[in-house]
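When the chains are written out, they are named A, B, C, D, E, F, G and H in that same order, and each has its own residue count from 1.
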Amino acid sequence: MNRDKIAEILGAFKDGRLGLEAAIEEFRDFPTKSLGYATLDTHRELRVGFPEVVYCAGKSPGQVKGILAELMAGGRDVLATRAGEEHFAAARSLSPDFAIDPVSRTIVLRRSPPPGPEAPYAAVVSAGTSDAAVAEEAAVTIEAFGFRCERVADVGVAGIHRLFERLDLIRGARAVVAVAGMEGALASVLGGLVEVPVIAAPTSVGYGASFGGLAALLAMLNSCASNVSVVNIDNGFGAGYIAAVSLRNLTQR
Amino acid sequence: MNRDKIAEILGAFKDGRLGLEAAIEEFRDFPTKSLGYATLDTHRELRVGFPEVVYCAGKSPGQVKGILAELMAGGRDVLATRAGEEHFAAARSLSPDFAIDPVSRTIVLRRSPPPGPEAPYAAVVSAGTSDAAVAEEAAVTIEAFGFRCERVADVGVAGIHRLFERLDLIRGARAVVAVAGMEGALASVLGGLVEVPVIAAPTSVGYGASFGGLAALLAMLNSCASNVSVVNIDNGFGAGYIAAVSLRNLTQR
Amino acid sequence: MNRDKIAEILGAFKDGRLGLEAAIEEFRDFPTKSLGYATLDTHRELRVGFPEVVYCAGKSPGQVKGILAELMAGGRDVLATRAGEEHFAAARSLSPDFAIDPVSRTIVLRRSPPPGPEAPYAAVVSAGTSDAAVAEEAAVTIEAFGFRCERVADVGVAGIHRLFERLDLIRGARAVVAVAGMEGALASVLGGLVEVPVIAAPTSVGYGASFGGLAALLAMLNSCASNVSVVNIDNGFGAGYIAAVSLRNLTQR
Amino acid sequence: MNRDKIAEILGAFKDGRLGLEAAIEEFRDFPTKSLGYATLDTHRELRVGFPEVVYCAGKSPGQVKGILAELMAGGRDVLATRAGEEHFAAARSLSPDFAIDPVSRTIVLRRSPPPGPEAPYAAVVSAGTSDAAVAEEAAVTIEAFGFRCERVADVGVAGIHRLFERLDLIRGARAVVAVAGMEGALASVLGGLVEVPVIAAPTSVGYGASFGGLAALLAMLNSCASNVSVVNIDNGFGAGYIAAVSLRNLTQR
Amino acid sequence: MNRDKIAEILGAFKDGRLGLEAAIEEFRDFPTKSLGYATLDTHRELRVGFPEVVYCAGKSPGQVKGILAELMAGGRDVLATRAGEEHFAAARSLSPDFAIDPVSRTIVLRRSPPPGPEAPYAAVVSAGTSDAAVAEEAAVTIEAFGFRCERVADVGVAGIHRLFERLDLIRGARAVVAVAGMEGALASVLGGLVEVPVIAAPTSVGYGASFGGLAALLAMLNSCASNVSVVNIDNGFGAGYIAAVSLRNLTQR
Amino acid sequence: MNRDKIAEILGAFKDGRLGLEAAIEEFRDFPTKSLGYATLDTHRELRVGFPEVVYCAGKSPGQVKGILAELMAGGRDVLATRAGEEHFAAARSLSPDFAIDPVSRTIVLRRSPPPGPEAPYAAVVSAGTSDAAVAEEAAVTIEAFGFRCERVADVGVAGIHRLFERLDLIRGARAVVAVAGMEGALASVLGGLVEVPVIAAPTSVGYGASFGGLAALLAMLNSCASNVSVVNIDNGFGAGYIAAVSLRNLTQR
Amino acid sequence: MNRDKIAEILGAFKDGRLGLEAAIEEFRDFPTKSLGYATLDTHRELRVGFPEVVYCAGKSPGQVKGILAELMAGGRDVLATRAGEEHFAAARSLSPDFAIDPVSRTIVLRRSPPPGPEAPYAAVVSAGTSDAAVAEEAAVTIEAFGFRCERVADVGVAGIHRLFERLDLIRGARAVVAVAGMEGALASVLGGLVEVPVIAAPTSVGYGASFGGLAALLAMLNSCASNVSVVNIDNGFGAGYIAAVSLRNLTQR
Amino acid sequence: MNRDKIAEILGAFKDGRLGLEAAIEEFRDFPTKSLGYATLDTHRELRVGFPEVVYCAGKSPGQVKGILAELMAGGRDVLATRAGEEHFAAARSLSPDFAIDPVSRTIVLRRSPPPGPEAPYAAVVSAGTSDAAVAEEAAVTIEAFGFRCERVADVGVAGIHRLFERLDLIRGARAVVAVAGMEGALASVLGGLVEVPVIAAPTSVGYGASFGGLAALLAMLNSCASNVSVVNIDNGFGAGYIAAVSLRNLTQR
């Protein structure tokens, strides 16, 4: 592929279609250009049907509105995360088509049809009702990228029978996201019950010695189950993104 | 009780059996004396059938041998913790009656008969084989104090069916000690399954981000189960001691 | 017990009272069902006369009002913790029977008569006036669960004679909750003075190098008294809950 | 499946092939038995061609030798990690068939043929020569589980052209393991260059403010690339295991 | 002293001025009573001319007003710390005699004449203008306790000539309080320049890796000057109190 | 130099131009005076064309206005950092000549002409748009001190081709400031690509396990590139100041 | 004083007793010389009868021997701290006059007579037998500096009556050193019982969550007693040094 | 430059000197090749007269010997850091020309003549004798890279007059390395006294709350002097390398 690109430039130069200066220009900062090209290439490939992601925190409603408008105009799907009331209003003022979710703080615009009920899916499993924001951010992310997601909420380990009632659904998933704050034990229990990678998202739910999610983070990093890896505290988007990439991995190539 | 002591001194003084100076002497540092007396009193009461506890770490074999000999001579029961090979040798050289356990690093001398099979018991539940040292220290402590202990080992949450197989035994206990390193999730799972206090003993088992047991400690402090309290990292003796005191609490007064 | 349940299903199946599909259904997710059943069983047993606990933090006044109304209607006792002014108003608008306490931030509805003056009791001992919120949360919890609680406030170790003045009351308790911020030394001093388990609740009272209660937490975990175990920073409810479970333990079975 | 198992027992009971007691026995602790059965089932499925994993640290050479002998006798494949010289000697004394690797500290016995050169593969990419132990533990784990692994070593970001020279190989992988100590920047750079999940394994390589790998761990958790998740410090086995599970995920069902 | 008290009770009892019950009562909880008495004694001795200290943070203006009124009525001197605007208003509404200082956030009422210009003094030395609140809290405390205080402000080590210009004044002090945030180097430099104890008060002045004063605290604890001891972050009162106690120590007994 | 100063005073004294008292005065606290003199001397030298720096945080608008007015009147150049809206208003009310920048939160008054396009320059390279505040503080500082600065923004390592596109500009710099939050990997990548000192400024951009910039700080301290040194979190001014001092170093003496 | 020194030089210069060059030399680096002179002056004053202190850790036996020999030859008193067996041997080989103490790891040579029994004294109070090394380092330091020291050992707060038995001795001290590891509560209790400054020396005695003495350090910094200041973990020398300087302070000037 | 390289390839291709395949090959992985080339180019330029650096820690004596031999054979200068006795022996066995320094743990081979006495220099200033290892590593590094270095040792701030005695030498330097452990105050004091960048190297010298150099590191990061930047704990090589690069910067281009 790179090969072809180079041959093409060389040919154009030999043919005279490309002057010396132009050819040099073409190769000049080749390290970056070709790298950029390759990257864009793979990115293009990767992003067929994938939404653009907008991180709203720290952006003004006007900025977010501008970005959303541009992406809409370009026919792109959109996922905006960490949005507040003011960003929701900006989206609503643009179009009624944006799906707005105050729990996950997301704004989604998706044009492609959702996956069918038989599609492979990721399960987003969360410990308590307070973990809903992070869990939903993960779930909405997975769906915004065009994949199927099943939610299993409020199955924390202090009442472990609730988890077992949903076990078949969880075991059917091709990727599992485990969302928990406080002591974060859910990730380890899940890791021992499924055969697929578990992406653990610690949350800042808790107080005192939870130290803003540190307790859950450390617990998940020390999981006695070997199939657990961890993302940053409250990083529902990241966990969902990895689940989506894992699902795409299944069908690709 | 204190009342009687005071009356006795007062009487002796009035009777002339005690001179002014002697009586003053008796009361002089009464704060400490009477306090000491009261404390000793309750301690005596408390220690009927209770062993003396010797913390061997940092003591020379000669020192430990001397203490053991003195306690033996006084007819006392003994529990020595954090003992090393050299302390074991010292004990063996004194008497074959010492029960020596290299796993829990304890030396025990107990003269009273063990509790019967129907006695209320504490359960010491541990996550992995590497937690055995701490778990056994807890169990030996409970037994050295004259109470019944049931051990449930190697039931970490990554293979949670192992825990359920032993659930009846655990649920029959009047106090539960939960011993776990790494992510320490066992304490929360146990807390949700039993109706009695769970004393959680985090262990330093793990590496990297376990930070010497900190991960398990924080997890246990943040347990979503409300009946879990926590002792210091690797403090099997403390956990066992609290379990023993809890069992005594049941039968006393 | 489980045995009987199983025999009953088997019998009903053999008798034809239960069809194959129904019997299978009965056993199908037996792991969770039976587990749920057992759990519920013990929970039922446990909850005779026990309140439902509502954690208000993060819940809207409307949500709390709805839960309180439902529990009232069901004749249940109620303990709501971490309530704010707006939750108090919601409770007041429902019924004048709710006991509202702004210090402990609790809402209580209790129909059963309180324990008599001779009942065994827990002592909640606190170091300073700033620790009152956590201490009262513990005390109200113990009482909401139907047990007797004695409060000993403002006996921090910097004026240790205040503690000794209340020693008889403290020594009469069957469980002691020690509440302290700053250096948390109260737990160790108490641990050396009583024969029962001490449940230590560190508070976030302090500034600078108290690091939000970390100093008190670490001090309590390192207590030189062996009968001290620790709950999370500011977790008055947890400490009170463990004291209540310990008192119930005394009278049960 | 569970359904069939239950129907089978019910049928056997109705037929009289199974007496009441035996049937009850079959169901008695069904929660655990059936759970165990299910778990074993999936485990069996999962483990076709998968090695048993032995964690040598803390085990005596005799213990390791015993386990290895048993697994060999059972015809099982074996992966032993964190082995020392004494464990190597134990393995050698059993059979010359064990593949012993002092760099990764692993012992492997694999009977199945390796995957072909066209098989999908994981790439294990490491920053410096000092990271070799962790990187090789990951790579050997992937291969021991029957998958193809490509190694890209010594491509730390301080000389980033080395990384680009190997980019095609890395981009061809279906799962990428990023192994780095010190500032752990490799994970972020890799995350931006590939389309598949990156499993980041921080190492304890470094000194001073690396705090035993904490610096690399935090860096990886805060990666600005969204497809990076993290395992514990020095946990090469875990990273390799997740890569292997991800590769299996591709071909399964 | 204690002796006299005891003799007095004994005498009263022998004389019949005190009945048995009353005498017992007198001695009954002697540990605390006598302790309390002794403590009060020393405290009384200690507090001749010493103000009562009121910690305003967390107290309502009404509470503070009440306490101030009571102390005024009793003719006591007063020092109130960590006062806010609302506490100032409360004090002003009581009497114009309160000295109110918004920088140190103190309220002082002192009736005794200030010490003469020849009195031994403490020096309060501070690094930057942002440290003024803590430095003034220390200085006002020293003066409220009746001792002389000299202030040396804004002599941080980044412009060390400023410190040397004031060296004679500093070297004349009998106790030195060093107040500094950021890197807290002032304490070490001072420690090397004076012959008296240096009480170091780290402040939370700084940002980023100052971690709320932790950097200064650690620096001061690790001072290469041997005469430096440290109080809590922002604890100007404590530093001033120790300086005052040290000055009193000079003149006492 | 000092020598000449001393000779001059001695000469003036011998000549009678300086009386004994005046000469003594000159030498009296020579340690500080001469030190002060030297310092001032070098500072004067250093500050030819250098602005005074005003740190606005914690200063009232009135205080800032007063300082600005005084500096303006004295013909001084000015750099004010960490300014808020209210400080901007104060500056505007004084003169329209102040350059006000809400992104970097700086106020600048510079009378000297800017450096020409051929002047040696520092490059301020930043990872993400959220790092702009710190990066601009560094850039404005460099320019306020009279040096040329080139900005390279939004070249974080997750899309590393963006960095390579700007590499020539970066490589032409004589000092490089690397500004990044989250995992801070930019500093290491830059360190490997340039031959001059890289001053790394970690930012508090991030959340969760970024711990307010600690992750980036530790990463930068552990950089595998040897030419990276680090300033405090969010200390754009410090990084810019060091770059300016480095540029001055090139042309001096 | 400085004034006279300057006048003297000026006079000598005017008189011709001092040439220009010599006078310049005298003033040349006056900042340091005069500073040095002043410092030495106070130091000389300070060190009349004070020992030289040698920190042995990290020095070879040969180095220590050399230093000791030189000091002996100069007639100086000596205190050497953190000495090991090899340093003891070096001292012994020099002279039998060195007092060698393996507990405190000190070597002392003191020629002056000890203080009389009526001399004011410091009390070194320690919590447990494991704290003896630090406590003795403090006590030996105080005595090596020529002051009287009373030791009160093994009075930790878990058995607080032991402390009260020694209270009169402690209350008679003019400075109190509190030595404790684990939870460090002794400092707070002592602070509430005495009227003089308490210098708290946390020790690294403990395990697990004591984090090498951090728990005791934080507890002491957060003491609810206002007269407590703190030195570094295990810094017995520093605590003793401050006590000695405080005692000297009493008698000086 | 890159331009010429590209033109050359294009010309050779057009001329037929280079076939299509060869030209493609030349450009194929141009991103890395050209990048590598560029990097090497600058590196070559950079390394004229610069030594190769060998990090010995973790390398066997045999490995180090091999590397040294190869570099010698290639006529290269050499700097080896973190060498132990065994690496010294390896170097000695190769050639007597290696300069071996056990203090800094370095091995140096330098063929070029040292810089003259008038060359611009860096000053390496260190606080205590225990900091010598790090300070010398910095100094030897500077000299190994061909620059002049002046050492100022043992000038810690607790005896600040020692620092002033050497101030002229320090002020003459064009780059200053500040090496200090414990409270690390030296960096701030130096920063206030010089006009050039100060590179601060915290050391792990200290104990207790120095936490392995963390106290010094934080102090240096929070320096109130704006010209201080920081390297990792004990990173003498890094500090020296930056000083060397800064000196080269002065003379280059």
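The criterion applied here is as follows: a residue touches a chain if its C-beta (ideal position, glycine included) is under 8 Å from a C-beta of that chain, and two chains touch if they have at least 3 such contacts.
Since we're looking at a predicted model, the values are computed, not measured.
Asks: Going by the touch criterion stated earlier, list every chain that contacts chain D and also contacts chain H.
Replies: Common neighbours, chain D/chain H: A, F.
Asks: Common contacts of chain B and chain E?
Replies: Common contact partners of chain B and chain E, which must touch each of the two, are C, G.
Asks: From the centre of chain B, which chain's CA centre is farthest?
Replies: Following the centroid criterion, the farthest chain would be F.
Asks: Matching over half of the contact pairs by residue number, can you pick out the copy of the F-H interface from B-E, B-C or D-H?
Replies: Comparing residue numbers across B-E, B-C or D-H, the repeat of F-H turns out to be B-C.
Asks: Which chain has its C-alpha centre farthest away from the C-alpha centre of chain A?
Replies: Chain G.
Asks: Report which interface contains more C-beta contacts, comparing E-H against B-D.
Replies: Pair with more contacting C-beta pairs, E-H versus B-D: E-H.
Asks: Quick check: how many Å separate the C-alpha centres of chain A and chain E?
Replies: Roughly 56 Å separates the two chain centres.
Asks: Which whole number of Å gives the spacing of the CA centres of chain A and chain D?
Replies: 25
Asks: If you average the CA atoms of chain E and of chain F, how many Å lie between those two points?
Replies: About 40 Å, centre to centre.
Asks: Express in whole angstrom the distance between the two chain centres, defined as the mean CA positions of chain A and chain G.
Replies: Comparing mean C-alpha positions, chain G is 61 Å from chain A.
Asks: Provide the list of chain A residues touching at least two other chains, using ranges where the numbers run on.
Replies: 29, 31-32, 35, 39, 159-160, 164, 193, 208-210, 214, 217, 221-222, 232, in rising order.
Asks: Between which chains is there touch?
Replies: Pairs of chains that touch one another: A-B, A-C, A-D, A-F, A-H, B-C, B-D, B-E, B-G, C-D, C-E, C-G, D-F, D-H, E-F, E-G, E-H, F-G, F-H, G-H.
Asks: Mind listing the chain B positions that touch chain G in their complex?
Replies: Contact set of chain B toward chain G: 29, 31-33, 35-36, 39, 58, 202, 204, 212-214, 217, 232-235.
Asks: Where on chain A does chain B make contact in their complex?
Replies: 127-128, 156-160, 182-185, 187-189, 191-193, 206, 208-211, 214-216, 218-225
Asks: Would you tell me which residues of chain H are touching chain F in their complex?
Replies: Residues 35, 39, 42, 45-46, 53, 120, 164, 168, 171, 174-175, 192-193, 195-197, 199, 217, 221-222, 226-232, 237-239, 241-242, 245-246, 248-250.
Asks: Contact residues on chain H for chain A in the complex?
Replies: 2-3, 6-7, 9-10, 13-14, 20, 23-24, 27-32, 34-35, 38
Asks: In their shared complex, at which residues does chain G touch chain B?
Replies: So the residues of chain G touching chain B come out as 130, 159-162, 164-165, 167-168, 207-210.
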